[in-house]
Amino acid sequence: MEAFSDGIFTIAGTLLVIEIAVPPGSKNLWHAVVEQWPSYLGYLVSFATIGAIWLAHSVITEYLDHASLWLMRLNLILMLAVAFLPFPTKLLAEYVREGDSERVATTLYGLSLLMTSALLYLFWRYAIRAGLVRDDADESDVQVLTRRLTPGLIGYGVLIVLGLFVPIAAVVGYLAIALYYLVPLGRARRQRRIRQARSRHGDQNADG
Amino acid sequence: MEAFSDGIFTIAGTLLVIEIAVPPGSKNLWHAVVEQWPSYLGYLVSFATIGAIWLAHSVITEYLDHASLWLMRLNLILMLAVAFLPFPTKLLAEYVREGDSERVATTLYGLSLLMTSALLYLFWRYAIRAGLVRDDADESDVQVLTRRLTPGLIGYGVLIVLGLFVPIAAVVGYLAIALYYLVPLGRARRQRRIRQARSRHGDQNADG
Amino acid sequence: MEAFSDGIFTIAGTLLVIEIAVPPGSKNLWHAVVEQWPSYLGYLVSFATIGAIWLAHSVITEYLDHASLWLMRLNLILMLAVAFLPFPTKLLAEYVREGDSERVATTLYGLSLLMTSALLYLFWRYAIRAGLVRDDADESDVQVLTRRLTPGLIGYGVLIVLGLFVPIAAVVGYLAIALYYLVPLGRARRQRRIRQARSRHGDQNADG
Amino acid sequence: MEAFSDGIFTIAGTLLVIEIAVPPGSKNLWHAVVEQWPSYLGYLVSFATIGAIWLAHSVITEYLDHASLWLMRLNLILMLAVAFLPFPTKLLAEYVREGDSERVATTLYGLSLLMTSALLYLFWRYAIRAGLVRDDADESDVQVLTRRLTPGLIGYGVLIVLGLFVPIAAVVGYLAIALYYLVPLGRARRQRRIRQARSRHGDQNADG
């Protein structure tokens, strides 16, 4: 399950760049490259989001004792959503600054991010409920993950509504949520590693 | 063999999305995005089928004691078929609702899925016949896999004929077959894992 | 080195398919799909060649005791050639049946396959010369690999010349070489595995 | 972290080739293929640079005792830059020989390479400062890496300025820097391996 998921994350992240292009036959290349800023913004936000979800996903799979039938189904649906992200990213990059279409593209983009995060949240909640989390997983780590995932979902909901009025502000907000996800998950990882190192030292002392 | 196969599965799954696009210069983006529903349907069916075949393939490779010369050749042909799937998916997405072409696209799509499943079936049957399955593999697990793969093949045959008259019904049927594959294979995996856990506990008891 | 190489092989193999497309606005889809046969042929030959080189490469890396500085450089150049193959494949698929251009496309395709195989040959010869092959590698296995790679190179040379007169015959010949590579390498792998199994049994007997 | 990074490197390297294409409807294919030389040059330089950065990155991760929160963030930013490289490569291939646009494309390409190398340098310096390097890492190895990365950065700076006057010379220079990176890192790897082999032999002697 992990090899398949890791593959989907990295390929989805890297495919984002092949949608970035300058219109053929541009006279002033510098101008044309600067004009593509929505593409760079979309690339940045989607890459950060995919990175954040990948990090959360790998933290979760490390916590798991084993995978159940339903968890694997949920994982496949989550991967379906992750692999789909390059499409709304392309729409966003193309239709920013295009009047009504900008609003449609931003909303679809937000909905895709919301759906991906919601599936990640479901994946995690299901793993806890079904008792698939390891016994030696620290209770506070598990809570940190849950606590962080919830406001992210609310954030996406608020930003989707905001995007109907100020599309570009919503896109910047989506980037902020991705960064918000990246921070504590990294911290949870570090803390666990420290504890592991300590327990290893403890074992050595016990041995010696 | 597994690293190569896993790579093909994930990349084929993720490449499906780069074929999804809105026609350039769409005035009404919302309308244009909704109009692309055959692309989303094709993405969903192909992703589910690739996911199902990947799951069956990884269950089979776990059962294998070792790979033989012919099994590796069969695997390469199977990978050829999996890596090819994005092409009929693209045809399906483009030519649904296009009169006669719709029938051609649906039939080619069905034939591609049938061929991929038939190769998976051959791969599995060959592994059993050639005695490549582990001695400790549970007889009932082996039978579950065989029993499930057979009606899938018949199902594809029936749906290809149905698709000549009601193309869209065939496509929905292809999705149903993928889901049908996904369920029992997951269950077989879970059961094996439970048995493994029990036998491990048994070992510990024997040790203690 | 292996993870990087495996990644290049699988992605190059899978990318081949995104170049296959039916001209937009085809009235008779069945006819248009059949017309694309050079694309399918190119996909088949390139996939088989990449599969054969991947198999040979993984057999070689299994034989290696360690990698040297120059071997890693050679490997990077080999990967450069493998990752390049989708381009001449695309040219072949587009320009078969186009008079003079057909000859150019077939020749370039043959040269790319020859260069990739020659780099694989160099990679293998260098590994032997530099004493990087494991001491426990069977002498006959090493010779099988060397014996098989040499006529393949001569074959490519002959077919490139033939392709100047009968392009399509050369392409079929390239497929034959790929299959010729696939057979003995698989056999070498199997034989080694049998020996390993025997020596393991031997160890167990010695233990008991 | 390593699986994700390896994936990004290989996919970015392989995606470079799908941007190479001959203009549709070329009468003289041989001429058209030769005309694409900037694409081949761009492919070569970018592949070599990605290969060099991948090698340095894997040497660094081997030196690491563990990853910290900030190192993972830096890694994600580095991957963002690596996955972006196919875009400036495409610009370079398209706009070489196009007057003013050539200068813009070469400068943007150089800035992208500079930024990627600078992020790698930061990644390495941060790992040293934060005490994340293993205790058993050889001091001279660590210094070799640092010594080699610094002039590369200066080289990029000089070449970017040179590129404003003689664009093609700058591109050749970028290739030289990639090769310059590849050499000593490989050597450092080899030396470490020799030491490891010796210490293993030492252990065996001690055992015997």
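Note that the chains take the letters A, B, C and D in the order they are written out, and that residue 1 is the start of every chain.
In this text, a residue touches a chain if its C-beta (ideal position, glycine included) is under 8 Å from a C-beta of that chain, and two chains touch if they have at least 3 such contacts.
Here the structure is a predicted model, which is why all the values come from computation and not from measurement.
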Open item on the list: Return the chains shared as contacts by subunit A and subunit D, ordered by label.
Closed with: none
Open item on the list: Using C-alpha centres only, name the chain that sits farthest from subunit C.
Closed with: A
Task: Residue-number overlap at the subunit B/subunit C interface, same or different (half cut) - done: different
- [ ] Between subunit A and subunit C, tell me the centre distance in angstrom, where each centre is the average of that chain's C-alpha atoms.
- [x] 37
Task: Centre distance in Å when subunit A and subunit B are each reduced to the mean of their C-alpha atoms - done: 26
Open item on the list: Can you pull out the residues of subunit B that are in contact with at least two other chains?
Closed with: 7, 11, 15, 18
Open item on the list: Quick check of your reading of the touch definition: is the inter-chain graph here a line, ring, star, complete or other?
Closed with: ring
Open item on the list: Dump the list of chain pairs that touch, please.
Closed with: A-B, A-D, B-C, C-D
Open item on the list: Quick check on the complex: what are the subunit D residues that touch subunit C?
Closed with: 6-7, 9-11, 13-18, 20-22, 26, 28-30, 33, 43-44, 47-48, 51, 54-55, 182-183, 186-187, 189-190, 193, 197
Task: Partner subunit A, residues of subunit D touching it in the complex - done: 3-4, 7-8, 11-12, 15, 18-19, 66-69, 72-73, 76, 79-80, 83-84, 86-87, 90-91, 94-95, 98, 100-101, 104-105, 108
